Amino acid sequence: MNSRFKMGSPLLALAAAALAPAIAFAQDAATAVAPAVDAAVAAAAPAPAAPPAIDTGTTAWMLTSICLVLLMVPGLALFYAGLVRTKNVLGTMMHSFIAMAIIGVMWVVVGYAMCFGDTIGGVIGWNPAYLGLSGIDAKDGGTFTMAGVTIPHFVYIMFQGKFAIITPALIAGAFAERVKFSSYCVFILLWSLLVYCPLCHIIWGAGFLSCKNIDLAGGTVIHIAAGIAGLVAALYLGARRGYPKQTMSPNNLTMTLLGAGLLWVGWFGFNSGSTIQSGLDTGRALAMTQIAAAAGALSWVVLEGIIHKKATSLGFVSGMLAGLVAITPAANAVTPFGALMLGLIPTVICYFAVQMKNKLGYDDSLDVFGIHGVAGIVGAIGLMFFLRTEPKNIASTCADTWGGQMVYQLEGVALSIAVSGVLTLVLLFVINKVMGFRLSAEAEQAGMDHALHGEHGYGLLNLN
Amino acid sequence: MKLIIAIIQPDKLDAVRQALIDAEITRITVSRCTGHGRQEDIDLYRGQEVSPNLIPKARIEIAVNDGFEKVTVDTIIKAARHGDGKLGDGKIFVQDLVRCIRIRTGEEGGEAI
Amino acid sequence: MNSRFKMGSPLLALAAAALAPAIAFAQDAATAVAPAVDAAVAAAAPAPAAPPAIDTGTTAWMLTSICLVLLMVPGLALFYAGLVRTKNVLGTMMHSFIAMAIIGVMWVVVGYAMCFGDTIGGVIGWNPAYLGLSGIDAKDGGTFTMAGVTIPHFVYIMFQGKFAIITPALIAGAFAERVKFSSYCVFILLWSLLVYCPLCHIIWGAGFLSCKNIDLAGGTVIHIAAGIAGLVAALYLGARRGYPKQTMSPNNLTMTLLGAGLLWVGWFGFNSGSTIQSGLDTGRALAMTQIAAAAGALSWVVLEGIIHKKATSLGFVSGMLAGLVAITPAANAVTPFGALMLGLIPTVICYFAVQMKNKLGYDDSLDVFGIHGVAGIVGAIGLMFFLRTEPKNIASTCADTWGGQMVYQLEGVALSIAVSGVLTLVLLFVINKVMGFRLSAEAEQAGMDHALHGEHGYGLLNLN
Amino acid sequence: MNSRFKMGSPLLALAAAALAPAIAFAQDAATAVAPAVDAAVAAAAPAPAAPPAIDTGTTAWMLTSICLVLLMVPGLALFYAGLVRTKNVLGTMMHSFIAMAIIGVMWVVVGYAMCFGDTIGGVIGWNPAYLGLSGIDAKDGGTFTMAGVTIPHFVYIMFQGKFAIITPALIAGAFAERVKFSSYCVFILLWSLLVYCPLCHIIWGAGFLSCKNIDLAGGTVIHIAAGIAGLVAALYLGARRGYPKQTMSPNNLTMTLLGAGLLWVGWFGFNSGSTIQSGLDTGRALAMTQIAAAAGALSWVVLEGIIHKKATSLGFVSGMLAGLVAITPAANAVTPFGALMLGLIPTVICYFAVQMKNKLGYDDSLDVFGIHGVAGIVGAIGLMFFLRTEPKNIASTCADTWGGQMVYQLEGVALSIAVSGVLTLVLLFVINKVMGFRLSAEAEQAGMDHALHGEHGYGLLNLN
Amino acid sequence: MKLIIAIIQPDKLDAVRQALIDAEITRITVSRCTGHGRQEDIDLYRGQEVSPNLIPKARIEIAVNDGFEKVTVDTIIKAARHGDGKLGDGKIFVQDLVRCIRIRTGEEGGEAI
Amino acid sequence: MKLIIAIIQPDKLDAVRQALIDAEITRITVSRCTGHGRQEDIDLYRGQEVSPNLIPKARIEIAVNDGFEKVTVDTIIKAARHGDGKLGDGKIFVQDLVRCIRIRTGEEGGEAI
């Protein structure tokens, strides 16, 4: 049903069965069904019928990870909102927040079934019991087991759901300050269904690339997909009126910095939680995440220092973000030195990618492609040069050789670019025809906050 | 010399700036203010429509030599209007300016404008 | 001593005893007393004298939950402070922050004893060993066991303490921008002692409604109590000067949105932590919380979209809050579909309740009653229609039938309304007579920040 | 290798070995090496060669603690940045943020080796396998065991690394608004290497004060060291231009309050995480932290209320901070009453220390010495009067008598003052000579944001 | 026509606005400023009393026809005073206004005010 | 009486304030504005140099008796200059002031300044 990680060996499963009673106590006792209790009392007898005992420690970390990843949504909202003009600050935050509501509901209704249900042709998932999450309690006593570790199924579902929320929210940065809210809502809903769910199923679910990609937490599934979607959208929708002649200064960089802080912290849940353990790989993922973020931030700051003799705070967080994106697929797969390099190299490339954008003149307003897309691609491929062990020892892949793995990585990247690129374009086109995507000139001048939401972000600016 | 003060809708600031530049009036001072005229502005607060007593406006100050007064005023009027003119489009006040001094050079009068 | 949840069956307790040694290792080894170690070495012998072994996983999640619930206090501070006028932004934040100090101290001095001590007539608790937390270490080796799961007693105490902190802070929104700080401090202290502690003891401690209410995390104990207190206070203290003629615009909605983000995340600790496990019910509670929040936010936004053709960010967070409040008592008790409905229905009702307030003309400034009170009542009763199982299978109640449970729910709601309504009124009256509760006209005009705190929230507004 | 805590008794270790198989299942199964699995299947046989099984619960809490302590860095950034003038808001935030990058990288390259490597003369650590963290995986299968509890080594490293990040960032408050960014970067790097690493090694690593100090989470290693460094720097670098004649008002106290909220929450990870467990001491540390913070905040507010008839929000957070600093060394060592006193007493002393600074006229701009230094010293010594048990029962010390422990405490304080005082002065002198430390008069007038970073914090202030 | 500028205490803004409306002067422009006169304003900073060099004020601009000058000034004086007058109550400046133009319509002079 | 308006660089506000106080001109009103003159101001945005259209400035208003006009203007010029004068140092505008009223006392004219 799920192949984000390969199954543990049969031996391990056997050990699990043998030991189940010994740890049954740790289980959710208040709701434990009778057989489990009997088994526990019988002390050493195998209890094949009972659902496996829940590991409270892993569950605790997964619950925490859910909180951390959800915290990234307000983090992203702050990050983006600080960079736009005053008149669009609320509208920009709403782009992130509304994803929590729309995708939050979509995920429980059909999203989880489409991502992690049984595969239909290796392309999309389906499982009636997952629709509306109606059959979760009934299945395995509500538990979910992966690689021998059992957690409540709801916890796994919610963790995965947070990724579905944040992915479309990332795209919003590419067409900041110029789209209709209603069209945006329709766009992220359809994009999730048509782009995110298939990609997620293909690579993390039981799809045709399952157990092939090294993509711990979504370099390919999330950042490349969102980055490409952003690029396509920026090109298709066109630049903000006045861009680039009129300077569009960030309205509140302190907000962007706070958002970046929340993103850094939240990313620990993002990457480490994706190991679905509370063990060695989890610790490793956290350490590599930290290293790449630090190295990325430092690289950008040093680069700016060299080129401009000034180091900006926006540069700091841009580099941090590039490092975090690049390490996302690789956090459990590379050495500490590799993490350092995956902070450094993608950041330098992103730096110049952003300068390139300025030359090419398209308006990827908050550099969704320049950071997420570019660092995502560099990370997904670059990780191959810093593996800490043979691919087959890494949790999420079954490749035999380095070369074989490299092919898988390239396949993943190509797939994500192709699927996201083509379908995003189709979606934009259709929505644009049906309901219009861009704001009218007047609304764009007046700002999204007033025109779309009937509000002003900073009442404090006016004497009241 | 004249000091021209215009209170306009903030969403027209860019257009007015541009129009003035096209008319070769590039020096300008802008600040935020709030004002009350005839216009009503509707915000929403928890499902209720509220109309703030004071509405955000942009305040432009331009010092010009007398010969430029007309073109400045006309340019602002044209660029600041919404369509054929909407409530809240703003006001222009013209005052006499006795002296104008450029701090950098100490120059005075017409050439310091 | 505690009946927030019914005890596990004797069988379970037996299993626990039998298995204690096997998991003793997981225990707080550095402080483990000798007998526990001996027992562990003796391997399978029962060790009745030793305190039960601590479950590190559950402890980890409870520790995390404490952090999350404490995070809700700054979250609430931001949420409320963003909605008031510039001149009251700090005073409003202080209403939340000071609760951390006053109730923080009160809780360890007498609060915990009054809530979770042995019952006196089913109405209030008492336990000398709990005063000043002086006897915690001595009791059961500092451990606390519920439904077969053992955690450090201090962890349980601190978790419960966070609820005591946030409850009175909620009320402050009802009389925002117009009360004296000193009087407010006295008010929340007395309110906690006279309203919160008894209610908490009656429903969650060993009081007369113990094991009767389905109120996982405080729909009745917290939100209804605070909502009613807010309503009474708003009516008793009167409206802000100038209300409603003068518009009082939010000074900083970005702050309110950030606060809402922290509240959403914190609520996971609030609801899931209240299961005092790291297991099935915990995961379920988190999932239902997420679903109701998303559904609530979406409902308000859609409603506004239909009625006003604009969707506000304040609407988003109001709906989110309504959903979160409504699911609070129910998060471990309803189906996913039920959670969706408990997001949708209370939000719609709250929407109209807020409009009603505008018609009636009283000044519940930040809609404490309109959101917390109304959604709390709707949730506490509404959950009965979406139960995932028979009441008796739900951790916190012992009811036999659906009807019996419904009676309990109504009793709880009625009790909370009555106790909070009457005692709040008495308190307001007494404090008002003794020291005055409202600000003077001058102080109210000047703003709380300057008049009461000698500060200005946003120095940035002035050139310095 | 590490003596932050004394080792458990041999009995405990034996118990651990005997029970290892029984809990091997809980281990990081996906990466489990074969012997562990065999051992698990063999059920009760000792497995000396296998690395000890990881406790998923403790690991979960340590992971969470890492997140919480990292969250303190943005928290500190907000706290400090809210207090400076508008033109320095970004530069001040950068002082905290850049520490995440610089020390983040330094820590993995050499920092961990210098702090927790094998001791060289009791003064500094070294371990080639720790350089660049290259040998972590190879050692004990990547695990780390302390007092019988095993967690992934990377988790321990990252947790300790967060302390290294925040310590130099604290100092920045003493010379806020007036130093060059490049010089500051060099300063914190060298200060970490020359002051922090030795102190950390001497007291927490295998240095000459190991197993002697009661310093749970860094009262001596962190707060006294940073406080003294701040004092020396403030004296050496001189006051801001215009100080104290010109008032320098906080630009955004709401930001400071939010920062304080994050610090309070983060401190739970700071103190409780430092127990490297998820057990009794962890719960105790969290409870004492909460109590001292609440008592500290309350004390300052009451004091201000008495003296000025106004209670400021900055006073609230200052008292909170004093309480948190004072309890930091003591959180697992004192009684609840002691925690109350360690909130109250240091806060009162800090209050008057800050007034004293105003009299003496030096410009410790954000009171790094007045709060961190003073409360750190008072806490480190004051804790001796509120111990909950004999020193030898406290995890981090091996002292035999109360008097002996008192001597150790004084030694620790004296050491920290001496090392930090002298070396900070040397560093300031050298950096000042080589590259200049203070900003030019023009840059200081223009503000760090524009002069150093080419940015403006609040674009919203200007119409764009 | 006159342009009347009043610098008042922010806490009196509502009262002044209301009084002006009662006197049928509804058009107004308001902005934030800070000022220094004789008033001292005490803030607290970590237990120390500090007195900012510049104190927040509200700045009101009203363009009126000459006949309205007196009532406007008198109204402001009455409404902006704290009790019988306190330090910091503010100042009123009156200037000549040469032209006044309504942007929406292009009207000038008295009727455009 | 004269109303003197000076638009200066914000980093010179303290110096100007101090110089004015030394010249015994203590009453002052200051506000934030943004302006465009000849000066260019370079900010960085993700490695790119950007030059905002409008640059933050401080706007000073001082009402003085006629005899004080010269000293005020000269003081500002001296204190607001960067070195020997740099682009962006600012402008001073002087206008006639018809009336000046102290709200607290109702005093008018010279002594109310």
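By letter and in written order, the chains are A, B, C, D, E and F; residue numbering begins at 1 in each of them.
Here is the rule we use: contacts are C-beta pairs under 8 Å (C-beta built on N, C-alpha and C of every residue); 3 or more make two chains touch, one makes a residue touch a chain.
All figures in this text were calculated on a predicted structure; none of them were measured in a lab.
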Inquiry  = What are the mutual neighbours of chain B and chain D in this structure?
reply    = A, C, E, F
Query = What is the distance in Å between the mean C-alpha positions of chain D and chain F?
reply = 46
Task = Provide the C-alpha centroid distance between chain D and chain E, rounded to the nearest whole angstrom.
result = 51
Intercentroid distance (Cα basis), chain D paired with chain C, Å = 31
Request  = Express in whole angstrom the distance between the two chain centres, defined as the mean CA positions of chain E and chain F.
outcome  = 20
Key: Junction residues of chain C - those touching two or more other chains   = 22-23, 55-58, 60-61, 64, 89, 246-247, 249-250, 252, 258, 278, 308, 310, 312, 314, 453-458, 461-464
Ask   = For chain B, what residues touch not just one other chain but two or more?
value = 10, 30-32, 34, 43-44, 52-54, 95-96
Request  = Would you identify the shape of the chain contact graph, picking one of line, ring, star, complete or other?
outcome  = complete
Note = As the complex stands, chain E meets chain A at residues 10, 13, 30-32, 58
Message = Which stretch or stretches of chain B touch chain E in the complex?
response = 2, 6-8, 31-37, 53-54, 57, 59, 73, 76-77, 80-81, 85-96
Key: Residue ranges of chain F touching chain E (in the complex, touch as defined)   = 3, 17, 26-32, 61, 63, 95-106, 112
Note = In the complex, the residues of chain E that touch chain D are 43-53
Note = Within the complex, chain C is touched by chain A residues 22-32, 37-38, 40-41, 43, 54-61, 63-64, 66-67, 70-71, 73-74, 77-78, 81, 89-90, 93-94, 97-98, 100-102, 104-105, 108, 132-134, 136-137, 141-143, 151-155, 157-158, 161, 181-182, 252, 255, 258, 278, 452-462, 464
